[in-house]
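In the two assemblies presented below, chain A is common to both, partnered first by chain B and then by chain C.
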Partner chain A sequence: MASNAAAPFWRAAGMTYITYSNICANLVRNCLKEPYKTEAISRERVHFAVSKWAEGKPEKPNVICVSA
Partner chain B sequence: MAMAALRREGRRFAPLISPHPMAAVRSSIIPAEEQVPLGVRSISTQIVRNRMKSVKNIQKITKAMKMVAASKLRAIQVKAENSRGLWQPFTALLGDSPSVSVKKDVIVTISSDKGLCGGINSTSVKISKAFRKLNAGPEKETKYVILGEKAKAQLIRDSKKDIELCITELQKNPLNYTQVSVIADDILKNVEFDALRIIFNKFQSVVSFLPTVSTVLSPEIVERESEAGGKLGDLDSYEIEGGETKSEILQNLAEFQFSCVMFNAVLENACSEQGARMSAMDSSSRNAGEMLDRLTLTYNRTRQASITTELIEIISGASALSG
Partner chain C sequence: MFRQASRLLGRSSRPPRVRAMCTEVPANSNKDSAFVEAWKKVSPTMEPPHTPSTYMEPRPPTPSSLPSKLTVNFVLPYSSQLSGKEVDMVMVPATTGQMGVLPGHVPTIAELKPGVLSVHEGSDVTKYFVSSGFAFIHANSVADIVAVEAVPIDQIDASLVQKGLAEFTQKLSSATTDLEKAEAQIGVDVHSALNSTITG
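Here is the complex of A and B:
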């Protein structure tokens, strides 16, 4: 971490800028009026499987699925 | 009437009598005469007919796959072209420096989960390997982060020790920024890097894809490079608003740049995948058509030959009786 004591609160909580901006974007999406709200939220679905590798062997894949 | 019965009989028995029934199945393109033993009068066309049927079915399937790929391509191409606006400002600001030499390189290879799309996956794997070789040296570490099933299968063979992270099943839902940014976040958190090299196929047209490397530097390296001057040296001429320091800004920028570049790369690669699948399926349905033509020719010729033989037999038998 290059930032020091003056780091913003979200970085102090261990977030990256990406997480922070995603949370902000989600807040904005929730402020939309219907029917645009459901449309915008259903567009942003997250689904993928991630597996870490150690010593040339894959560990158990971890499926991340967020259907907002 | 008797001849027809005999012909049917002969057709039924030919595969049974044939000494190499398996060989007959395997190479049914070769005219069947060569495999029929002596004494069998007519030639079985059953095998060729079966083969024709299966080729016809394969052609139908590849044609359908081409249609599907074409319609998917249209949807994703618009998205990919729109997403180019995301990384261009970053390149204008920070530049793209593939030649920067750092200790910890992380190569992010982007590929597809599904096959049957020509050579795009092996292209990105090949570029990744070449890049690794190019940047190899003492005190240097190169790790792979793999997106997609196909690059994993290829890289597992010779460099599985260097694989750090593997991400698959991206395209269950239509690709969107949230998903890619969560992936980028995962990569940032789990992998130590000085520079990220994202390797993907940039979509140019339905038939041409440019293998591309985009580089995202870590904030420390950006700072080091900006002191050295060049494009990054101009960073100091920008005014920074608010109470943040330059290193904070750089870190935020680097993270956001990574997610944007990843988003574009994933979309471009998906677009290239559909384009490559379209042209692959097009050529395979054409090949199936050619094969069908050849088989039909063989089939008709054999049928004609057996009819001619039978006619000769009838006529010569009749003339022997009457003469």
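Here is the complex of A and C:
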């Protein structure tokens, strides 16, 4: 039964539910009034420090900042 | 040595555990009897360890008469908005349309679309705008609502909504690939929902 149901348009375009819901959430965050907007956006910010391991030592870390 | 005996004796008669995320109401115990049986076979002298589910509070059983209040749990990734709150009704923006949930609602899982979630408590109505998520309605008049982002509607900026709506309507007409079209369509959907929330 579920397989016969029409897929939503975003699914047909190759998006996953996670992608879809994150886009929706981002758009909502961007439409907030000011003190709430910065707070909501900063809550979603993620930092990664990636460094390659070479000759027994970690190389200089490359910091990746993802703001969702 | 027999200090634990009363606990061990009391445990064996309990009914089995039911999965947590299903809409069926779990029985009144969280102990996994299959696990306990298997444990007893392997080490009959040692008492079974506590598993995470042992520490979880069991869900209340389905009452035989219709309760007057609906228990709502409303959670976001970063906070718990409502926890076990007893209300009269919630209106959830399901993909199939606005859905009013009253006590004794039939068990359902509903996907949410961007829209207004309103919580009715007597004459008080609290409105949130949810981006997307799911609502799980259990047989025992408990509703679990999970959303990625939800904000009280007075925090929405009308001018930014208008700007976004215009931007995405324009993007929709200029989009070439399927993915771009879908992204623009999501933008239009979300901003239209936001717009209708603040205007009406």
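Basically, the second predicted complex is superposed on the first by the 42 of 68 C-alpha atoms of A that agree within 3 Å, B and C clash if a C-alpha of one lies under 4 Å from a C-alpha of the other, contacts with A are read in each partner's own complex, and residues count from 1 in each chain.
Operating definition for what follows: a contact is a pair of C-beta atoms (placed from the backbone, for glycine too) under 8 Å apart; a residue touches a chain by one contact, two chains touch by 3 or more.
Computed from a prediction, not measured in an experiment: that's the story for all the values here.
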Which of chain B and chain C A:N22 touches, first, second, both or neither: both
Partner chain in contact with A:V46 - chain B first, chain C second, else both or neither: first
Chain B versus chain C as contact partner of A:V63, first or second or both or neither: first
A:C31 touches, of chain B and chain C: first, second, both or neither? second
First, second, both or neither for A:E55, with chain B first and chain C second: first
Chain C versus chain B, contacts on chain A by residue: B
Residues of chain A contacting chain B in one complex and chain C in the other: 8, 21-22, 25, 43
Chain C - residues contacting chain A, complex: 78, 95, 114, 129, 131-133, 148-149, 151, 155-157, 160-161, 164, 178-179, 181-183, 185-187, 190-191, 194
Footprint of chain C on chain A - complex, ascending: 8-10, 12-15, 20-25, 27-34, 36-37, 40, 43
Contact set on chain A toward chain B in their complex: 1-4, 6-8, 16-19, 21-22, 25, 43-53, 55-58, 61, 63-64, 66, 68
Of all residues in chain B, those that touch chain A in their complex: 160-161, 163-170, 172-174, 176-179, 181-186, 188-190, 219-220, 223, 243-245, 247-248, 250-252, 255-256, 258-259
